[in-house]
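Each of the two complexes below includes subunit A, the first together with subunit B, the second together with subunit C.
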Partner chain A sequence: MSTLTALAKAAAWSAGTAQPLALVRHVHLAERPLVFVPLALAGEANAPLAAMVGDDPDSPRLLVVSQPRNRDQRFAFAAELADVVVPYIEGFCSATEDVPASRDETRPRFLNAPQLVVPNLAGMGFVRLLGRSTRFRRTTGEFAVAPSVPVLGRWLTYLAERAEHPGSCMLLAATEALSRHWASGQSAMEDLNLAALVGWIDPPPGLTGAEAAEAAEDPVLSPPAGPATDPGFDNEVLEPLIEANGRADGDAALARSRAALERALSGQLLPTWRLVWRALNLLSALPEGGSVARRWDIDRDSFTAYYTYLRDTGLPQPRRDGAVAAARRLDWMERAQATYAAQQAFDDPLAMAEYRMAGEAFAGVVVKAEPERLDDSGKRRRLRPHIMVETADPVTVEKGTVLAAVRRPGQSARVVSVLAESDETASAEGDAEPDGVVRVVLELSGGMGRSLTAAPGSVPEVGEWLCYSSLAVDYQRPWDLPPAEETPWTHGGPPQPYVPADEDAVEEWS
Partner chain B sequence: MTSISDAAGTWPGTDELAAARLAKARADPPRLAADAADRVIADLTAGHRAVVVDSPPGAGKSALVVRAARTLARAGEPVMVVAQTNEQADDLVDRLAAASSGPPPQLLIGRLSAQDYVVSERVGRHSSVMVDTDAAALGGCLVIVGTAAKWATVKSGAWLFPWAVVDEAYQMRSDMLLRIAGHFDRALFVGDPGQLDPFSTVESDRWTGLTWDPMQSAVEVLLRHNDDIPVHRLPVSWRLPSHAVPVVAEAFYPFSSFVAGTRPGERRLSFATSAFRAGPLDDALELAAETGWALYELPPGFTVRTDAEAVGACAALAARLLERGCVAHSELSPAGQRVGPDRIAIGTAHRDQARAVRSALAALASAPGLTGQGRTGADLARVTVDTANRLQGREFDVVIVLHPLSGRRDATAFHLEAGRLCVLASRHRHACIVVARAGIPELLDAYPSTEPVHLNVPAKFPDGWEANQAVLAHLAERRVVVR
Partner chain C sequence: MTNTEARLDQIRGPVPPRPHNARTIAALTSNPACVRRAILDAAGVDKARLAAALGFAAPFGQSRFAITRGNAFEQQVKANGCAELLRLLREQLQLPIPEVSYDDLDEVAGNPSLPVRHARTRQLLTRAADSGDDAGTLFDHPLLCLEVGGRLAYLEPDLIAFRLRGKFHVVEIKSFAAIDGQADPDKVAAAAIQAAVYVLALRQLLAESGHAADLVADEVFLVCPENFSNRPTAARLDVRKQLTVLRRQLSRLTLIAYLVEAMPDVTLDLEPDDTGVPGRPSAELAEVLSLMPARYMPECLASCEMCRFCRAEGRAETATLGRAVREDLGGVEYVETALQLASGELAPPAGLQDATALLRTAARLRLEGLAPPESLVEPQSLAAPESREATA
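Now for the complex of A and B:
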């Protein structure tokens, strides 16, 4: 936990209500998200028990498995879920726009993409595991399932893998999204409880956040947000109902006991369903960050590419990444993480404040500017203005570091010198006293037009307030990796290519 | 790191034969080290696809890399040398060039570099070194040195070296090896298994247990796919003094103990001045001079990471050390040599702690009074202050360590990592002074390591929790309690 987050948490505790950690919203919110609240049976590996799913807060669709240990019912549940999820996803697969792919080619991109919202991280885990248990199922032969089931498995797996990409918003967990934007006065572990977290952020009238969070700990008032259910409910309500359903004889009795089961499970799901929509409303009240749309573009690109792959090839995602695939995914994720961190800081002064406190960024006023300065050390003279920025931030950047200003991202600034006020004569690089004023001289390049005179307004003027950091939001090229069939001997040599087989359908645990 | 299985049965074990060898080794470390290096060089021509050399701190790893590269180059085909950072690459080039500066024909050395690389003085002074950003331009060189990141940008298929020598291979991630493995046919991997593991900024659990998990070190992935690769161990630490070797070996290298290159008493610290009014600072310095270790223990307490008192103590110890005029006597300078600021380091776990120590040093330097005057003030700015990650591979006479667990409420995997403490506790030639708040053993007891055990993941030794306990147990007897 960073110092600022710790401070915000302490402030939330003493104020009794959550404190903002962000001034803008860093997640994309779809116009029509699909909310999915799953419940699993205790003691069984990811056995679906019930779910509430839908894109309309007022009419959730309730799915119930009356005997969760029954494998056929499990895949009937998957088929029912597929009837909701797959049409929802495919609804985005029509309208496209053309975006440049290379110098003179374009590629189509879907105008919008699906967004699945689950209550918490465990809900994401449920999505991943359900995808894992359905994507290899066969639609013919022994243990055949409905044709929509393996398609659902592929999409759920795609969404779960996408969620591992920093900055992607196609699968969101409400608790994660909320705690990125607000600090509650409770521990990170307690923040996993959606009801308590929403209580801190938006307590009902007459209660403080702390009181609302405490009330939310009662599993009768606020049933757990799943997929794990409340053990009290399991023992006292669920078990008798499932047993009664198993014993029910005749259509009428069966319908009666099923209705009772649905009522009970709906009672467990509905509070969480409402909380997820409330969380989305809370988030939508924040103004959207400047880079959110750009990240959603990447999501749409990825969605388009996967849809095309599924239509043309359609093999399920492999069980495990091969050596090359793992390295490539790690590279993607690390680049996405760096870009996401930088974009958040550029969009949000509170996120940048973390870097300023750590000395990796500084903000201050321009006290001197030489906009006409030319560098004639090389063969050609080049325009390289100098500016001096005065800041009270602790500065630890070193001479030669290339920085960029938040408001002037296209212009790079190389650090020429860092002078602490106390020792103007000595060049104490970097190690300025924390409280002293520091003057940083920067050499600018780029973004000033092509001539030897800077375009008007392209060089910061004296008196302008700027925030410089070494964070880069530039595109970085992905790594060159060998193709999978040329995996070197150090990593086990080329792997066997995946061939779908009937055995895929008989994994015992799914 | 070493797994149990491949550590068993290697030198020295617990049996009598090994004990006898150990006794003999203590008597003649240079011979022992030379034999081990000879065995490595011999294995290079024995037809193995790869050879791995584990090296404890300061065991002559770089010398071995230089020797191996020169030996392989003598066969007439160029050798690819992979370093992890530009600093390390420059060091290797410097050593290679110095070792090859005999009568002509000189061994031409290439330094493959990135666009923004600035030729350092120690590379530029050698006439036998060519620097270029393009591997093709270094065609005439018999040894080409570059960082792994740079080698990874070389077009695949452009080069196929018969041999590569990979330095600091335990710091290189498996995915980096994947990127450069296409450039060589066989390789020698040299590194220190006790140092920090590679890390990532993103969640990498999904690959846990895979033999090609990209978060492993290059050596781990190599050994998991090729079980016939010989693993050698360098048996003599030339850096660590004789009183540090047993502690470091027991805590961090439980299955591959090593001996000190110097005899007890050969390394000694003395002070040019005696303490006028002895206080805890002087007590700690005297204790460190005498036994090689000292724990400067502050009153217990939970603090923020940049604990002003602990940070101040680190700075004050460094200042006092310079002030007292510390002199190091060693096999290199039996008459003694002043321990200058360039021979002192302060190591921390976090960057903000290093920053806080630097400001504390600056404050001491500019403060009036005892430490502010003359040479000491200016010297303070030249003391190296850095994190464990950045101190890896470096060497000093005296190292002051801000204990990673000092003042903490919890012990996370980051702070417990054995490699972190190992790096901090094995950078010194003479003495190591640890600054910590009291109560770390209790903290460790309250936070036993809770990392989950995964299938198909080789067990790692030492366990960080155990290593921390071992070091603290040793320090407990060399403690200066500050009230």
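Now for the complex of A and C:
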């Protein structure tokens, strides 16, 4: 949260409708996403109750567990889900392109990657836990499951882990994606309700966003987006239906009771199913940010690598990472976070405004320019134009900092001096205007051609509006970490290579 | 009956007070500055019914599936004289428990009344404390007592009081899963604060017979299902922090007398008819409640039955958007005020100059972000970035 976001929330509250937090879309949207709306049985550890899944908004596939406490039915659910999810994912594992791997080698990369979309963060948690409860299963021996079940588990685990990487878009939560792009007039806690959030962003005709959000809080009109179900529904509808199904005698009675259960659960799932697709539509109306495709490339790289790993070893992810793997993951995520933040700022003036607010960036008009200035202090004379930018932003950059302008990425600008207007006029009362004008003198280098005269247009002219920041989107070197087999004793020594144990495979799920 | 108690009875109206339990006592710590909640709880008002009568029914209920599972798990852990629990404490927590006796305090000679059960609990626990030997003893269904806002609340820990290395320990049985050693942090936090309530009550009970507070460990045992199974697993929880918070909260509640005395003669009696349907107009109830200032924040939505009423009442306040939003808006109380300060419509009042300056910068940057200013000159086409230095 920041003052800018807070102000947008206040404006949304006052206007009765959500306010934009982004001018461009910062998430990749797949042409054919797979939407997954799960429901779990209350009180149990991630016991699937029902789900809607599919890549076509008009024909969701409904999966229902008629006796959620029955272990076999849970695995039957997992197998049914696998029949949808695994072919969807493997459908991306054929067409490849070659990308450079090193100076003269290339590696293949899948042309596209899967995108799973769930309604909310809790739905992501469901994916993670369903992955955890199925990836260790065995397809032979005692407690054998369908061959697709452990494969599903590995992929769901992979997607859930990948979702923790800043900027990754292979597993999206609709609420998270929406609240990145719009500020509602309700609290962050209420934004977790997908129906309410969509209500603020796109209220039905005749209603304000606030009214639509309020209507969305009635669990009868608008069933919760799961995985937790409405307790009222549990007690009044679900429990009698599950009991009736348990008592049903004979095929006809069983089919009837199952149909009733499916109708009830479909009624709970369908509104959310539609909302997720509406959320995707709302997002697709925004123009895609300039760095989105580059981040999707990284997702495709990761997807290709995991596919290869799975094909070569077939091993499930361990219960816990080893020390080296955990450190590597942390390092990767930190760098991804920094890059993601900077990329968003470069793509989106509203995201950059946050950095201007914090003083890490400033924008203003060029008031003076010396495009021919040469630096002759060294042996050779070099072209080092100076420009002066006048800004009202709260500048905190210091002399010597190297900045870059959003529109001139190839040119660096070193801060020569920062002069606040109040310094010049030295007002006696000391009550300078809060947004006093600051003049920043910058020395430019790079991006101006090879000669001692700057190429036309390469030095900003007087009157041009520019935004400079110290944000770096450059490659940052990863930490030097030892290979796993050389893990130092301080970190527990080399980890035992992970071998799936019988214990993992036959773990209870009750 | 003291004057305060009489006033609280009057506020509640002619219905029996709703007893506190560990959950409601724990909830007191989530929003300590809320006078409304403090008074309603002290008076034992049925907040769920009150909220419904106001037209703002509480947004939570409990699924029978969850209740069934919770009870089944607890029974399983306690079966056969807590055999399963003892195994956990011995094997997982490496506690030396040579020998155990098991006392069920559920009823006393067929008498399930609360005071009788409490007296029995007191008698047994005090005797165990006095005897001082290290033989492990389990007390099932003990009944403790804690003074909350001048009233006694009976508390029933899942299973407690267990003499170990010379100390009593509280055991909290929960049915949320610990998967690969990790459980939902919110649920663990809630369990810790509830367990702290029991620790506090147990300490008071023993203090009455002159035993030191540290006879009750500030470490409790949390028992919950392991991974996706019904098999229990145990962990230690340090509740020292929760104890501090609770003690502070409960001492504040004793100040309820001052709050109540400052109020005019009013009641929240719902005036139910013969069938129990409230006959009191909701506007009247709202008026009475307006005398008890609420301190609504979005977190109330998860814990307080009155939340939707308070939210509607405090609509215009920045706090309804969340504590962080309020702080980011410079602590300004009303949303419209913050917007007017930001737009410059309103001159900053004393003390809000800095906040206003920040809001105005934010407003300007937001506008510029939404529609970046045009350059005064048409920027010329940019030269391709050149990495080589120009030298002469």
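Just a few scattered comments:
Throughout what follows, the second predicted complex is superposed on the first by the 486 of 510 C-alpha atoms of A that agree within 3 Å, B and C clash if a C-alpha of one lies under 4 Å from a C-alpha of the other, contacts with A are read in each partner's own complex, and residues count from 1 in each chain.
One rule holds in what follows: a residue touches a chain if its C-beta (ideal position, glycine included) is under 8 Å from a C-beta of that chain, and two chains touch if they have at least 3 such contacts.
It should be emphasised that the depicted structure is a prediction, and the values quoted were computed from it without experimental measurement.
In the superposition on chain A, contact of A:Thr3 is made with both subunit B and subunit C. In the superposition on chain A, contact of A:Glu334 is made with subunit B only, not with subunit C.
Of the two partner chains placed by superposition, only subunit B is touched by A:Gly322; subunit C is not. When the shared chain is aligned, subunit B and subunit C each come close enough to touch A:Pro394. By the touch criterion defined above, A:Gly359 reaches subunit B but does not reach subunit C. In the superposed model, A:Val462 makes contact with subunit C only, not with subunit B.
When subunit B and subunit C are set side by side, the one touching more residues of subunit A is C.
In the superposed model, A:Pro488 lies in contact with subunit B only, and not with subunit C. Of the two partner chains placed around the shared chain by superposition, subunit C is the only one that A:Asn235 touches, whereas subunit B remains out of contact. Of the two partner chains, neither subunit B nor subunit C is touched by A:Asp58. Common to the subunit B-facing and subunit C-facing surfaces of subunit A are residues 3, 320, 394, 434. On the side of subunit B, the complex with subunit A involves touching residues 49-50, 152-153, 155-156, 174-175, 177-179, 181-182, 187, 200-204, 206-207, 210-215, 218, 221-222, 225-226, 304, 351-352, 355, 358-359, 362-363, 366, 381. By the touch rule above, subunit A contacts subunit B in their complex via residues 3, 164, 166, 320-324, 326-327, 330-331, 333-334, 337-338, 358-359, 394, 396, 422, 428, 431, 433-434, 479-482, 486-493.
On the subunit C side of its complex with subunit A, the touching residues are 59-70, 175-177, 179-180, 225, 227-231, 298-299, 301-302, 318, 320-322, 324-325, 328-330, 335-336, 338-339, 342, 356-366, 368-370, 372-377, 379-392. Of all residues in subunit A, those touching subunit C in their complex are 1-11, 13-14, 20, 23, 41-46, 129, 132-133, 185-190, 217, 229, 231-232, 234-235, 238-239, 319-320, 349-353, 356-357, 363, 365, 380-383, 392-394, 407-411, 434-435, 445-452, 455-458, 460-465, 467, 507-510.
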